[in-house]
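Both of the next two complexes hold chain A, though its partner changes from chain B to chain C.
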Partner chain A sequence: MTDISADIAVFLKDSPSWADRDVHIDSSTELLQHGGLDSLGVLELVTYLEQTYNVEILDEEVVPENFGRLGDVADLVRRKLATG
Partner chain B sequence: MDFEWSDDQRNLYQACAAFARAQLNDDVVGRDRRHDFSRHAWEMCAKFGIQGLPVPAEFGGGDADPVTLAICLEALGYGCKDGGLLFSLGAHLWSAVTPLWRFGTVEQKQRWLPGLCDGSLIGVGAMTEPGTGSDAFAMTTSARLDGDHYVLHGGKTFITNAPVADLFLVFATTAATTTVVGGLGCFVVERGTPGLTIGKPFRKMGLHTSPMSEIFLDNCVVDADQMLGSPGAGMAIFNTSMDWERSFILAPAVGTMQRHFEQAVAYAKDRHQFGQPIGSYQAISHRIVNMRLRLDAARLLLYRAAEAKARGRSTRIESSAAKLFISEALVASSHDLLHIHGAYGYMEESGIERELRDAIASTFYSGTSDIQRNIIASRLGL
Partner chain C sequence: MVNLLHDQLTRAAQAAPQTPAVIDRSRSVNYGDLETQANQLAHALVSRGIKPGDRVGILLDKSVEAVISVYGIMKAGAVYVPLDVLAPAARLAFMVQNSDMTCLVTSGRRLRDVRQLITEGAPLTTVVRLGDEEAESQSLLPQISMVEAAELDVQDHAAPAVRRISQDLAYILYTSGSTGKPKGVMLTHRNGLAFVDWAVVNIGVTREDRLSSHAPLHFDLSIFDLFAASSAGAAVVLVPPETSRFPMQVKSFMLDSAISIWYSVPSILTMLTLRGGLSPGDLPRLEKVLFAGEVFPTKYLRQLMHQLQGVEFWNLYGPTETNVCTAYRVPQSLGDQTAPVPIGKAVSDDETFVLTEGGGLAAPGEPGILHVRGASVMAGYWNDAVRTDGVLRRSLHHRPLEDRAYCTGDLVREGPDGNYEFIGRIDSQVKTRGYRVELGEIEVALQAHENVVEAGVVAAPDEVVGSRLIAFVSLQRPTDIADLREHCSRTLPAYMLPERVHVVDDLPKTSTGKLDRQMLAGMSMTTNDQASEEPDDRYQR
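Up next is the complex of A and B:
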């Protein structure tokens, strides 16, 4: 995993919304499948990403294409960092 | 940092306020008593351009930037004393026009936005269910894909405009195998669609001229191309629309508070007790100063949110702060105006008791004050 993906995985493992899930997390991990992140969990993840990487994620960007898998989230952050 | 409006902005404010004062205040006390929604006033607003303010001109709108939008809506609230009409306009603008404007395909925008802008269509979003409210995403209304259409089933409640609406933007779960974040859709349902039933209008404490009811969806079939955005984008659509709503739904309230303040000052100078104008007593003058302070702070929060929107920034703190503060300031301002007028303000004909009844709902709709504090706290990482 890249550093961003690893950081997100660490955050998720510590997150109350995810902590009780006994699964290995990598870039291909589905975040929104049944039992995955609920609306509060996604909001916590967005706040974490914005504060950690100093990026701004609009509500309009919180869609399955960007949050479906852990790797999709990392890609979104990378795109944000690349465009400043 | 420039707090002054330009001449153009001042002229716009004056024009909107003059329009509202002249066209929207006919028999407000009587219509409030009869729970009458005024389709005529709605059409007058559309003719003036209110319903399409933020919409691009190519779809029939006014192409207004967020600051211009706030100026127009503040002026509307200054001139118009019909709180129910203002609320119905807000529901239309933020829960129907905005989702279509921000997420609709070109075909969807061409199909519905011109009518929503010109007043021929009244729209509203349908999210809340009997078992949900603040926990908005815990819904049970479902949308099942069946070939090239969806079958909607469930029910929604507290739907503003429903008794008079032509277009309903219904949120429903689309996939049992994903969380609501990826499994929520937003569907445009036209009045008259088989399976859609509108309930009887509710009787409410205030906002009597804004009709509200339940809606029921009993295997209601809509074409797949009536779903907004990409599959599973429902939460993004709802959150985006709510952020616009929190930013602007109380813009008219700032104008209303300006009117309250001016009315309070005039009455405090005119009304005499014990041989003195009542404004000479600190019990009254301090209350009016508090009205002014709340008004000034409310206006600053409104235009801070509008300015952030104009820059295309995420405005979660700014919009929730505006919604939270302005709503509570509106209730306090209405109560102060009533107190200053005493028994005269308590009389129906004064209109003041109605404005207090109308104001109270503002701390519930679009997310309660507690929910706004929760949103701000979460943005602070708390």
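Up next is the complex of A and C:
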């Protein structure tokens, strides 16, 4: 797993919605399925990404395509870092 | 004249059978078909032995089928009990047992969950499977009698003849209980209709409207969504759960579905304000936004009102036990106000009054506990006379009536304009994401872990979610925090799991040996400060 994915995995594992799930989270982990990220979880993840990587995530980028799997989130961050 | 919640559906179906009643993504059912399918379900339930007053569960994702179940169960004379599809099986099994429920309505994809319920000890005997969804696993348990589509389709289209009156129970909603188990709030047809009738006239709902249905059925905001819609003959559009995770999608949903009346907890609206990319004029069909369940931070409300210029905003207030009992129409401009908007004045056929600690009536401006009596107040807690008597109290101020008033436990004061202002709670009940949570219930769950000696939970105020749950535990032997959380998640829904668990040697006590929550709250602030370097406005951009 890349560093970015690993960081995000640590952040996610610390959030309450993941408490009852497999401890193992990797790039292919589905974030939006039953018991995963809720609406607040998405917002908190966005805030975390913006602060940790010093990027600005636009409202239109907060969509399922970018938050479906952990790998999608890491890809989004990498794109932002590359263009930022 | 008898008037029941489901009579509204019958009237809407007679008046305009072709009008859409429920819209769920690409599916739509009109009032005529909704009435027929609810009647068929009611006949099937009656033929399987469901008697007036029996409790029938609903374990369904929000869907056309879920709405059919609500009406079908009431049409059978029974009481519907919505179960949270996201709650742990042990918690739901408790509700099934506690409400003496033997029959449950579900769908193919939830059959597996039903089996888990039964494994957890739920004494179900009959399971109705609605819809044509494929079952993930076909084999239930041998002692369960299944009702399937083939049996439903051959039932009579007209409603079964079951005599019920408006003070009979219509539904039971389970809420968090301070002693560790959820409690069932019993509501009658009259309770539901009192508010619905008021709302349709005073908030203004017509058959031209499109209402959103955002809250799950086990949450009492759904009463307005479903029954204000059928009362007016309007369509209710179900908000797909995955949509509400993404604010831009909420906006698209509202636009595409032509929602004219939106109703939800404030936290979802705060997210829409912060990340929805809203500009004035974006939602031309939207006329009214109603919110309830928690305090709406004024700065976000002001921002949203700016983004949605011309839209009418209402703050609705009421514990599940009273449905909605007060309401406040937010003025067009909030000026430079920073305090939360008031909860308003009594509505429908309710009277509200404020009692001081000494039991006397509070003067305007004087803080006291809000009490409610009248048509929207619950019949009591299911199978729990002690707790019922604890909160439904005979009012000394209404003699010689034997009427009982509900003690909300909410501290309020009456403002100069007669509107109540919410100050806080007198006990350890908190709101998080609009959900009502008893801290004691989380403490009981933590203490049930073999390594936990003592547990205390406090709520740290939070602008977006209302409050965040912080737990303190003392342990017999070193234990992984993840293990504690996992343990709690077997009995508590996700929104009740503590966000932080701190291990301490001893929990602070008051002079009487009780848990000192004030001290704990202080500890949660300091531990937060040390742990977090995030600025206070971390949701702001």
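Assume the second predicted complex is superposed on the first by the 83 of 84 C-alpha atoms of A that agree within 3 Å, B and C clash if a C-alpha of one lies under 4 Å from a C-alpha of the other, contacts with A are read in each partner's own complex, and residues count from 1 in each chain.
FYI, contacts are C-beta pairs under 8 Å (C-beta built on N, C-alpha and C of every residue); 3 or more make two chains touch, one makes a residue touch a chain.
These numbers were taken from a predicted model, which means no experiment stands behind them.
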Determine, under the contact definition given at the top, whether A:Ser39 touches first (chain B), second (chain C), both, or neither. both
Looking at A:Ser15, would you say it contacts chain B, chain C, both, or neither? Reply first, second, both or neither. second
Where does A:Gly68 make contact in the superposed view: on chain B (first), on chain C (second), on both, or on neither? first
Applying the touch criterion given at the start, work out whether A:Thr29 contacts chain B, chain C, both or neither, answering first, second, both or neither. neither
Regarding the shared-chain residue A:Ser5, is it in contact with chain B (first), chain C (second), both, or neither? neither
Overlap of the chain B and chain C footprints on chain A, residue-wise? 32, 34-35, 37-39, 42-43, 47, 50-51, 56, 59-60, 62-64, 67
Please output the residues of chain A touching chain C within their complex, sorted ascending. 13, 15-17, 19-20, 23, 32, 34-35, 37-43, 46-47, 50-51, 56, 59-60, 62-64, 67
In the complex with chain A, residue positions of chain B that touch it: 102-103, 137, 176-183, 229-233, 235-236, 239-240, 243, 313-314, 316, 378-379, 381
The residues of chain C that touch chain A in their complex are 86, 88, 242, 244-249, 267-268, 271, 274-277, 433, 464-465, 482, 485-486, 488-490, 494, 497-499, 534, 538-539, 541
Within their complex, chain A touches chain B through residues 32-39, 42-44, 47, 50-51, 56-65, 67-68
